[in-house]
Amino acid sequence: MKVIPLGSRLLIKPIKEERKTEGGIVLPDTAKEKPMKAEVIEVGKDVEDLDIKAGDKVIFSKYAGTEIKIDDEDFIVIDQDDILAKIED
Amino acid sequence: MKVIPLGSRLLIKPIKEERKTEGGIVLPDTAKEKPMKAEVIEVGKDVEDLDIKAGDKVIFSKYAGTEIKIDDEDFIVIDQDDILAKIED
Amino acid sequence: MKVIPLGSRLLIKPIKEERKTEGGIVLPDTAKEKPMKAEVIEVGKDVEDLDIKAGDKVIFSKYAGTEIKIDDEDFIVIDQDDILAKIED
Amino acid sequence: MKVIPLGSRLLIKPIKEERKTEGGIVLPDTAKEKPMKAEVIEVGKDVEDLDIKAGDKVIFSKYAGTEIKIDDEDFIVIDQDDILAKIED
Amino acid sequence: MKVIPLGSRLLIKPIKEERKTEGGIVLPDTAKEKPMKAEVIEVGKDVEDLDIKAGDKVIFSKYAGTEIKIDDEDFIVIDQDDILAKIED
Amino acid sequence: MKVIPLGSRLLIKPIKEERKTEGGIVLPDTAKEKPMKAEVIEVGKDVEDLDIKAGDKVIFSKYAGTEIKIDDEDFIVIDQDDILAKIED
Amino acid sequence: MKVIPLGSRLLIKPIKEERKTEGGIVLPDTAKEKPMKAEVIEVGKDVEDLDIKAGDKVIFSKYAGTEIKIDDEDFIVIDQDDILAKIED
């Protein structure tokens, strides 16, 4: 089963991480618009403004997008405008 | 009797599913904007941005669109912007 | 006396129907945006995006438009964007 | 003294009518956006989308526009978008 | 000292008038958006849509614009969109 | 140290003046959107619609813009749209 | 690890400074929209309207943008429109 995001949306998989990691990104609890880290799974065909492809790690606005479950795992369908940044190791 | 959605709208038929299925999509109860699964019945003639046709399975924003009944069955007239993703088996 | 809707508006005549008819469309009571069935009477000259003409049956958003009375009958002046779908028998 | 409406505005003169006339238009009391009948007095030079000229009878949105008095009579300066329909006898 | 309104703004001088004059315009007290009469003093260089020049009498939306005092007299800097009509004697 | 306003913004220095001066501009206390007088210090490179340059005296909307301090003096970074008028002596 | 801001966003690092410095910029406590000083770290590829590059000092709107932590240090992903001014020494 495959979920294909439409228009300028992406399918992303949130990455749960420790609150504070050595050399990692820690996202604040109290920020009104909480960002989160995710892996890009599928990119809608109208996502043309971003240099983003499947497998990329990104930071996104936490309350943006729509949560869905596929095979019991959590995913988010989110618009490209709510992807804030790309993370490169 | 046939209902033809106008402009960029679609006529879709919601698919009721178990809360948790093996290998299926389970949609969360608590999400503020609850997504739902539906089958596309009719596509308005101005729906040009989507790769969507009658028979496709889609995920849509639950509170979007207008519910109607045709021959005692529930349908929804919904704008293409509220179709989040397409599901392929 | 004739009422000609201006711009992209239409003059429609609501069709009152039973709550539940055999093979007919039944519109839900509880939906926040209640749709209704109507017959198109006059089409404004800027209504160009719709395949709608006088005599057509349509579904429209109930709270949209402005109610008027002509010769003691109820009519609605409504924008084309609030016409959701066309009904064909 | 002459009042010339600017841009896409019109100067109209509300027509007071009985609540219920034979073969006339009766406007509902309870509608949230109460329509009213008026005669067009002056048409602003940018009113180009309407087939409306001085002397025409129109239906307009009651709460739209700005009321003014000229020589002790009531007039309304109103935008063309708030003219809903034209009445022909 | 000269005040030059910028962009599509005008400098106008409100005309105080009796509540009810013979053959004059009387502006209602109770209207939510109270119109007022003024003389145009200066016209901004981007005011191109109006047939308005210094010396013209106009009706404007009372709560629009910004009041200033020049040499102890009251003036208003107001956008052209808030000038409703021109008055000709 | 130099502060260069970006885009269509200007750096201005508010001019404090007496409430009521002979032949000067006095700005009202009670106006909802209080205007103020300022001197233009720096003009952003996208400020193209205005005939405004460093040294000019202007009237601006008081609550618009962002106050900053440079070397203990008050300045405001403000968008060109919030500059209402230019003052010439 | 590198964070690359997407679209018209920038990655900036806030500069904490004393409330009042000799010849420095002091930002007011009470301003509704508190500005802050930051160093630009990364510039998104669609940031084309600004004359801003990595290493520049800028003033930005405090409540704009999204706070993130990279290797235990505070950064902000912010849209170019929320960068108010550039500081040159």
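Residue numbering begins at 1 within each chain, and the chains themselves are lettered A, B, C, D, E, F and G in the order written.
Convention: a residue touches a chain if its C-beta (ideal position, glycine included) is under 8 Å from a C-beta of that chain, and two chains touch if they have at least 3 such contacts.
Everything numeric here is computed off the predicted structure, so don't read it as measured data.
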{"item": "Given chain B and chain G, the chains that contact each of them", "value": "A"}
{"item": "Averaged-CA centre spacing for the pair chain E and chain C, given as whole angstrom", "value": "43"}
{"item": "Rounded Å distance between chain D and chain G, as computed from the means of their C-alpha atoms", "value": "53"}
{"item": "Cα-centroid distance, chain A relative to chain G, in whole angstrom", "value": "24"}
{"item": "Sequence of touching chains round the ring, chain E onward through chain F", "value": "E, F, G, A, B, C, D"}
{"item": "Partner chain C, residues of chain D touching it in the complex", "value": "20, 23-28, 31, 33, 35, 49-52, 58-59, 61, 81, 83-89"}
{"item": "Residue ranges of chain E in contact with chain F within the complex", "value": "1-7, 9, 11, 45-46, 66-72, 77"}
